[in-house]
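One structure below.
Lettered A, B, C and D in written order, each chain numbered from 1.
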Amino acid sequence: MTSKGGAAPSTYTPAPPPTYKAQRPPFFTDSDADWTRSDGRGFHQCRSAFFRTGAVNSAAGSAYAEFGNTKVIVSVFGPRESKKAMMYSDKGRLNCNVSYTTFATTVHGQGSDNKEFSTMLHKALEGAVMLETFPKTTVDVFALVLESGGSDLPVVISCASLALADAGIMMYDLVAGVSVSCLGRNLIIDPILEEESFQDGSLMITCMPSHYEVTQLTITGEWSTANLNEAMQLCLDACSKLAKIMRSCLEEAASASKD
Amino acid sequence: MRGIEISLNQTQKIRLQRALKQLESLYLRANFNASVTVADTIPVSNEDTILKGHGTSERDGEVVATLCGVVERVNKLVYVRTLRARYKPEIGDIIVGRVVEVAQKRWKLEINFSQDAVLMLSSMNLPDGIQRRRTALDELNMRSIFEENDVVCGEVRNFQNDGGIQLQARSQKYGKLEKGQLLTIPPYLVKRQKHHFHHLEHYGVDLILGCNGFIWVGELVEARDCIEEDQLNNTEQQFTKSNTTKEMPLETRRSICQIANAIRVLSILGFNVTLEVILETIDLSRTLNLGIDEMLGPEFHVLVAEREAERRTSMTKRKG
Amino acid sequence: MEFVNPEGLRLDGRRPMEMRQLRAQIGAVAKADGSAVFEMGNTKVIAAVYGPREVQNRSQQINDQALVRCEYSMANFSTGDRRRKPKGDRRSTEISLVIRQTMEECILTNLMPRSQIDIYVQVLQADGGTRSACINAATLALADAGIPMRDLVTSCSAGFLNSTPLLDLNYVEDSAGGPDVTVGILPKVDKVTLLQMDAKLPIDTFENVMQLAVEGCKAIANYIREVLLENTKQLEYRRGL
Amino acid sequence: MVGLSLGEKHFIQGGIDQNLRSDGRKRDAYRPISIETGVIPQANGSARIRIGATEVIASVKAELGRPNALQPDKGKVAIFVDCSPVAEPMFEGRGGEELSTELSVALQRCLMGGKSGAGAGIDLSSLIVAEGKICWDLYIDGLVISSDGNLLDALGAAIKAALSNTGIPRVQVAAGASGDEQPEVDISDEEFLQFDTSGVPVIVTLTKVGRHYIVDATSEEESQMSSAVSVSISRKGHICGLSKRGSAGLDPSVISDMISVARHISEQLINKLDSEISAAEADEDEM
């Protein structure tokens, strides 16, 4: 295992190959099978999820999500008329934006390296939203990460689908997102920030659980087939559980408004 | 120089060079070399008696080319025949175009010209085939005839005074083209001929060589009339369904792809694209037993060039 | 700094009145109506022309002539030290304008009313004289697209360093801070269409330097003419009868 | 981007169903690939690759810089892609920005591995000159010159070729600099170290049209896709990154199947690219 990534190529070695063992984070070594996660969770255990809809009054729909330290708020506006400059389209448009508060991370302004999150959010949602139900109009989805505590993007995606549901936008299904990190030989689900920064690879799945369809999948790092299949299965299971929680949150909100 | 953008190995390069050299010498033997570039003076014997045509202008009493091409003289007329350029329409040309806009009483078509061409609803035979005034209802139903992105075949009718052109499609042979692919090649490779429609029954393929360099290769449509009648009887939905479910026979598709690739090869090499040459190219690939996609490989390009050199040599011999 | 050594040679071994090696290739972008790659020494530019075609933005349509547009862009790797520049900075806007005006002047726009011609130039390597290289590339691309022109515009630059007029400055010479005269001419008509200079120069010296640049333009014009003629011949004989 | 009529769409889809695409290829066949290296002499390494009518240039520039405080033992690599309007008038102005960012991010994901550097195509620790003080910053730039589909795979292959064309100058660090002082360096302009590219993965994009998936889709075929999965695969057959495009959802079992197909195809592609790259290098040496 030590050879992974650590082996310097024989042809180009301007510096002596660094010893990887010493560089490993103190809380984790490859051989350490008894390692426990810093928040005491099992490897395959997610953080407890908290969802609440209707967090922003002025928005057509909104949701707040809290996974451990990761706190996200998403508001949805529209559907409203698309800008004139846009070409005619018989389908609706989805405009997504993910931003970080200045205090979201410990290092000021570090959240800005997540520029691609907006496009990723868009890709994860567009397959679930019935765009043909609001032609010529745009739905804006604005996500704000209040505190970044790891697995930000999957939380944003789940929260955004809840906000869309709250806004009454027609969807095929809710979208739930879960990520898995690979640290050495271990697969850990729903990683926190600290774990993410030392991960060897990560895999994120967003899916529509009742359709059993994956809307977005990204993988980084090196994966063997067995690991990959295990990680995908873990994510999919977690997604369906997460979707249940999201569903119950919506039901609660609906019954509350009835009263 | 315009390189031929294919990667060749050393021997292929030499063989291609040799074939091209042969073509060059054949050409030079047959023609007085009259190539000009922009701003070259075109020699004329008598200033007053000539007519300056396309691609020429007068400066300080000299006739000067404004284009790269070949000087052509027809009686008093002197003009420059361009090679690579956008399509230059002539009335009566058969062209293939793509609908870009459905406007009031007209369609606008992209035909590789400096402006979109106009096809008026009134220069179109109605699907029912009856000659009558166009009603408001016909106007509303224009999209059921052609909609955006449809590939349409027509004929150049006349020039408008703003420089645009009008098309007409007043015959059963014109109209929407379906089940096939559209290729675009430089228009100078398509020669104006008696026939631009080729119904290759042997292959089950319709080939339309549009003068504007748009070439349609599609499944053979037997008699357009009855199909159009069918369309009328069916609702639109059924029509699209029947279109998808009826799968094209594999043999026809093979022929379409083969013809398309032959045209691609000829266009890359810069050879005239005529039915005769296309069919010969296909025969060559069939005798060599090449896979259809191998036709786009470097070796086949070289072979086609060599064969073309041979063909033209034998042609000049026959003439001579 | 010594730009011309006592033997009369420049930093890259050229004589003061020597141009860098020219190379041109027509037809680099399959999809474009016309395209060309033009190299002057290490400066390498690719130009593509789209059109004349239907005007994309109706409000820009001109009823009696063609609309000519131009965009100049530099690849991130084109300069010696890599910089990531935002698109549409002042310099590229200015060069786009210069190229557009120069090309528009020589295109017979009145022959293609209500249409649009787009010229895109992309700098792959910049080693001085990009402006000139872009104009030369654009000329080739326009000719390849079969767009009627009054003349073949060509451009070349010249400078004045160590009291010597130098033809076709490279990057090091260009950044020395001396005067840099970029000239564009219509060689057949023998007219100047573009003249740009920064820094100062006595008038009589300026005339010398400018004359040198004009000579450079003429040499380039000859080269371009030959390339185009050879290209036309090739197209014609390959096409056959 | 590409407007197609209903008839043409059906023709393309039908061809994919019958395993005979519009240009005669089978579903798993590539268009002819050609590579040229050293096209940008000013860069440390560069390559141009042409796949059918798609053409891209990749360049690698190395500059000395300071390592990141959090990772003192590693160099830095940045990947940027630009879409030139030369390729497509649509890319004019800011028109190409969205695609450029998407491609840059996808390449980053496919080539740079996980946060710890595992699975990276480029070994960042090999870029260090003096730990914590000096390292090489590699700037990898891609430029799209002509676009006819399958840009990501082409860019990935171009970067692989450019990296194998890259020579990094040997650097001597003057001994004796202590503490926070920045040590003196001597950059050799004669001795270059070849970059090790055996670990650089290739990217295989499978485009799903109808029930089937195809490799090396042209832009016409891409316009008909329901979704596409780009997988980057190392020589060892490990997955080094994956991204999905297109709006339609996919069944997880389909994804697994696509990954295994991509892995199978990658073996042929790696061999093809290797031979093309070495041929290109040989050509360049001759000149």
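Throughout what follows, a residue touches a chain if its C-beta (ideal position, glycine included) is under 8 Å from a C-beta of that chain, and two chains touch if they have at least 3 such contacts.
Not measured: the values here are computed from a predicted model.
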| item | value |
| --- | --- |
| Maximum centroid distance from chain B, chain identifier (CA atoms) | A |
| Pair exhibiting more inter-chain C-beta contacts, B-C or C-D | B-C |
| Chain nearest the overall C-alpha centroid of the shown protein atoms | D |
| Whole-Å gap between the CA centroids of chain C and chain D | 32 |
| Inter-centroid spacing, chain B versus chain A (mean Cα positions, whole Å) | 52 |
| Centre distance in Å when chain B and chain D are each reduced to the mean of their C-alpha atoms | 37 |
| Contacts with 2+ other chains: residues of chain B | 5, 100 |
| Chain contact graph, described as a line, ring, star, complete graph or other shape | other |
| Which pairs of chains touch, using the document's own definition | A-D, B-C, B-D, C-D |
| Partner chain B, residues of chain C touching it in the complex | 25-27, 30, 33-34, 51-54, 63, 66, 108, 112-115, 143-152, 186-189, 225, 227-241 |
| Residue ranges of chain C touching chain D (in the complex, touch as defined) | 28-32, 35, 42, 46-48, 50, 71, 73, 75-82, 84, 87-88, 118, 120-122, 124-125, 127 |
| Contact footprint of chain B on chain D as seen in their complex | 3-8, 10-12, 14-15, 17-18, 20-26, 29, 31-32, 34, 50 |
| List of chain D residues in touch with chain A within their complex | 73, 98, 101-102, 105, 109, 112-120, 123, 125-131, 168, 170-171, 193-196, 198-199, 229, 234, 238-245, 247-252, 255-256, 259-260, 263 |
| Residues of chain B defined as touching chain C within the complex | 1-3, 5, 20, 23-24, 26-28, 30, 33, 35-40, 55, 57, 59, 64, 66-70, 82-86, 100, 108, 110, 114-116, 162-164, 188-189, 269-272, 308, 312 |
